[in-house]
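A quick write-up on the structure given underneath.
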Amino acid sequence: MPVITFGEAIKQAYREEMQRDKNVFLMGEDVGRWGSLYRSSTGLLEEFGSEQIKDAPISEAAIAGCGVGSALMGMRPIVEFMYIDFISIAMDQIVNHAAKWHQLSNGKIKLPMVIKTQGGAGRRNSSQHSQSLENWFVNVPGLITVMPSTPYDVKGLLKSAIRNDNPVVFIEHKCLYFDKQEVPEEEYLIPLGKADVKRTGDNVTIIATSWMVSFALQAAETLADEGISCEVIDPRTLWPLDKETIIQSVKKTGLCLVVTEAPAEGGWSGEASSVVHEHCFSELKKPVKRHCSIRTGIPYGATLEREVIPGAESIAGAVRELTNAPSSSPLTP
Amino acid sequence: MPVITFGEAIKQAYREEMQRDKNVFLMGEDVGRWGSLYRSSTGLLEEFGSEQIKDAPISEAAIAGCGVGSALMGMRPIVEFMYIDFISIAMDQIVNHAAKWHQLSNGKIKLPMVIKTQGGAGRRNSSQHSQSLENWFVNVPGLITVMPSTPYDVKGLLKSAIRNDNPVVFIEHKCLYFDKQEVPEEEYLIPLGKADVKRTGDNVTIIATSWMVSFALQAAETLADEGISCEVIDPRTLWPLDKETIIQSVKKTGLCLVVTEAPAEGGWSGEASSVVHEHCFSELKKPVKRHCSIRTGIPYGATLEREVIPGAESIAGAVRELTNAPSSSPLTP
Amino acid sequence: MSGVSLKNLYEEMLLLRRFDKLSMRLKMKDLIYSGYHPTEGQEAVAVGFCGALRDDDVLLSTHRPHIHAVAGGCTMEAVLTEMMGRTTGCSGGLGGGMQYVDPEHNFYCGSVVGSNLPIATGVAMAMKQQGSDRVCMCMFGDGASNTGSFHEALNLAAIWKLPVIFVCENNGFAEAMPVEEFVACKRISSRSRAYDLEEISIDGNDVEACRATADDLIERTRKGEGPFLVEAVTYRIRGHYVGDPEKTYRTKDEVAEKKQEEPLVRARERLLEQGTDAAELDALEGPIKERLDALSEWAVEQPFPTLEQAIDNVYIPLTEGEVACR
Amino acid sequence: MSGVSLKNLYEEMLLLRRFDKLSMRLKMKDLIYSGYHPTEGQEAVAVGFCGALRDDDVLLSTHRPHIHAVAGGCTMEAVLTEMMGRTTGCSGGLGGGMQYVDPEHNFYCGSVVGSNLPIATGVAMAMKQQGSDRVCMCMFGDGASNTGSFHEALNLAAIWKLPVIFVCENNGFAEAMPVEEFVACKRISSRSRAYDLEEISIDGNDVEACRATADDLIERTRKGEGPFLVEAVTYRIRGHYVGDPEKTYRTKDEVAEKKQEEPLVRARERLLEQGTDAAELDALEGPIKERLDALSEWAVEQPFPTLEQAIDNVYIPLTEGEVACR
């Protein structure tokens, strides 16, 4: 199987879906000439022409509106927002319109629209270019929210998102574009709404999203040497949440850590934690622990931003804390 | 003590603070001539003039930006967004600028700005005018989020918000403006960040926000007759959350219901529920239950919107479910 | 004028005038929920512009949509019962009077001021790409011309030469805010200059001028000469909504004066000048009254949506058999 | 020209040119993090406009702010070390090269395109209300003129006659997007018409024209004649950022041609014409080099902020003794 980058996997998904369906098009600032900020669409302008690859002016509200309007007319737009921080300008279109029209038409209108963006820290971009705002969408009825963490996943999930008839908010992470992985040449889809157990284990369940998944896996590796066996779950779709996979895991392990890059307070971590408590209360040995970014604007600079967000080491620390359980609830795998 | 409406209480807060400090001003669409949609500023244009009461064009981003810029210059703006649904247009200014500049100045700049709006269902305004979007702000570092539920509270909290040097998102509920209550004539302030126990009880803690508080109290009344004693907590400030008051209550009751008008998934209810689990795990007899709106766009019409959001009856039902505990954890007040 | 006589236009306007009156009555009886935004005085724009579209063109409106909707081809039944929250409404009674969609009649409206302009660009972009000669028309107010959405949409439509006609219905006010005070330029049509578009400002109370302009711009748009921005100057005779404290921003005299120039008065005067009999015009009222009486009787009998209808279509389930989450 | 000689202006531009070069070198060494947006070719606007302000005026810039900042009164030390993420930076090294604030020098910039325009209206509103004759100047690009924020801010400033000067630095591109293709009007200055403002478009490579226009507009703004929108036409000689794949959107020839007209070349030519000695101009380089060498040596020694600094000022605690939440 060829080893490709996350960015390349995105491009393959674009290419396959654009070939398959001429109604699929990508629109955003510099998605054409530049091929997107992280080069996930380089060459596609030449390949598909300006009807399917559209460079758009710096008009985030209009870009989103174009998505809504063209989806209404049977197109399958992928509208890209260069940084999730700028989606703040397009929220009206996404929340008040894209998310509402299917319902307002009693199901007659479909709005197959992918709202694609990237978020998170790690590239030293400071607080206006490094936010984790996924939670805004999770709480809005009518939207599906996806956060892929690997090249394999991003390809299969993006293809599903493009084919899905709902508005799907698809949030990549700026630190993942150059990650590499084996990705099959044959076509595959990954269903939305299905979590992936990225590592199986018995002592603790770690639920981690997006970039945090890789750190959770690293932490699990470290902890394995210490005799702590971690199961790492990547929900992939934040809503609808695959509760089953999560519940099954926590019923087995009895301990759960939720890791997000977004600050804990009022974030999706509260959702995940609540779901686990609601469904695994009697199996839980301790309350679910949330391990998230410090509640601060992401600082600029070489190293600080990594200190304010979770990392492999801090995750391992959080798991150790969880598993050094009081004698009343000993570690029984 | 005079009995006044919620709207009148707001006006009193405006008046007192505007008299006290000429730098305080209110700006928004039709806050002047009309005196705001729900009449909470009628007469103030005549009283304070157009420097302190400013009618603004339909330019939500500019209104928010005006708040940021003028606060920077030492003014104390109150910027009003007629419906919280339209704040979707101003998110960039609020999240990327208002919330960040104090930190970017290493604490030198203060941004004393009240971002005032109203949300929620109940006035038959349908899905683009009835949303509960408070959670967007709770997850953003740098913002304080307040949701008052009574005339007494709104006055004291609004005065504190105006005097506070942080950007404060102040969310009223469209169904509360005509509620009446005794409000003292003497000046008083209610500190931000302090929850209020609206009713004491022993069997169940109900945490409810905004309009939901009144339904929780009604439900508690009903349940009292059935021998179920409810403690009703109104957090008033969603962030920073008064964890102490909540924890103390749940340690006593051992059961907890969180009621919000926002849908549960990814909402603030997950935050509240997580906090309780994290701190009261051993005292809890059952997992915290979340009772929230159905995940749908608020439907128009005479009655449906009340069916998709929690009400006194459905809250009572949820509490009954909680308290009909399995024999292993009997109701022991 | 595509062969439509002034008398026909007058009759259509009259129908919309009476439809608005009926709606106001129903609002007063609390049979229409939410705010009702009356349309009295703005019928020429609705009939002139929205009525000029072909069936397969797309019309987008805003928070004051009902006469646009009816002039644009939606049935009065569907529009009225939507305002009344009944299942026979355009949106099955779930949207109400400011936000509903009628895909069959290519009509869409929303209650966030300015937001329909970006959507219109998307509609027009699809039309162009699909190689059709369809046209998108987007109605909005003077107040909406101050939104960022207006600007972003106009620029995008202009650089991509999209088949969309933006119709700014300048009715003098945005709620209580007089246009002179809140829109920085004297003619909203001068905003065209920011996009290298023609400056077109017309008398929005003159139904013939409206229709002629609409016909012309639609034809030119079909030929690929779009987009266009046109300002139609009219006047909002009623308050912004039923219950509006109008005295806070205008005098009764101003309104009375403006009533002399409203589209029905204007069209009637011209018809009389042209030799039409007053009695002939008065005779139009009877059938309209009958039709609206029947409509209203029918409307109040229509059912309200159920809770299931309100939660069924929030999103399209990912898997077969998945039920709406509660 | 407020008594500033062309030679002085030239020298200031030269300093900014070399400052930019130094920054690019530091960026290449990975001592500046995040994207670095070079300013070569745009010095006339910075010196002409930002340099014309009084100390107590307020200057707002955007994602390409460093020469605005320096011309506007911030120290090179604070600006450079901010880009390098050191505690001596304007924002203590927490903001980086696109978003920092220097309240002492009344300078503020942010990295969201267009967002500084609404903030400028707020600053100007406060100035007006406070009865001062201070002026707010807001720098932004051609690309920013397509944002909704631009439009909302211009309208608001115009209806309230605010003391703000919006300076659109049209450098030909927004990232890889050529202005001709993405801005619907030929001259961005025609957007003034949408707000009944004067259309002012000047040669942004002519530092004397820039300064003269700035002086004039600032004076008029102090007298209450604002707001103003001015377009200064210049050219971005470097890529949008260090590493920009420029060949995707322009040719080397185009850039070479434009280099003939860049502000330093232009000013130098004029100075020579006016009889200044070439050697005299060349002699300006030495002291600048020394100054920048010293700056750079000093800068790399400066400390990085601590975690405490990064989390201490997220918000002002509600109660005495409250600690930043972790």
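A few remarks follow.
Per-chain residue numbering starts at 1, and chain names A, B, C and D are given in the order in which the chains are listed.
Convention: contacts are C-beta pairs under 8 Å (C-beta built on N, C-alpha and C of every residue); 3 or more make two chains touch, one makes a residue touch a chain.
Fair warning: this is a prediction, and the values are worked out from it, not measured in the lab.
Among the other chains, C has the CA centre that is most remote from the centre of chain A.
Of the pairs listed in B-D, A-D or A-C, the one whose interface repeats that of B-C, with over half of its contact pairs matching by residue number, is A-D. The distance from the centre of chain B to the centre of chain D, each centre being the mean of the chain's C-alpha atoms, comes to 40 Å.
Chain B has its Cα centroid 30 Å from the Cα centroid of chain A.
If each chain is reduced to the centroid of its CA atoms, chain A and chain D end up 36 Å from each other. Residue positions of chain C touching 2 or more other chains, listed in rising order: 91, 94-95, 99, 110, 112, 146-149, 152, 155, 159, 182-183, 309, 314, 325. Residue positions of chain A touching 2 or more other chains: 57, 59-61, 85-86, 89, 92, 96, 100, 103-104, 127-128, 141-142, 265, 295-297.
Per the touch definition, chain B reaches chain A in the complex via residues 61, 85-86, 88-89, 91-92, 94-96, 99-100, 103-104, 127-128, 131, 133, 135-139, 141-142, 238-239, 241, 262-274, 277-279, 281, 284, 286-290, 295-297. Against chain D, the residues of chain B that register as touching in their complex are 25, 51, 56-57, 59-62, 64-75, 77, 92-93, 96-97, 100-110, 141-144, 164-166, 191-193, 240. Every residue of chain B that touches chain C in the complex is listed here, in rising order: 29-30, 33-35, 55, 57-62, 85-86, 89, 123-129, 265, 294-297, 299-304, 307-308.
Those residues of chain D lying in contact with chain C across their complex are 146-152, 154-155, 158-159, 181-186, 190-191, 193-197. Within the complex formed with chain B, the residues of chain D that make contact are 58, 91-92, 94-95, 99-101, 103, 108, 110, 112, 115, 117-127, 129-130, 136, 148-149, 152-153, 155-156, 159, 309, 312-316, 318-319, 325.
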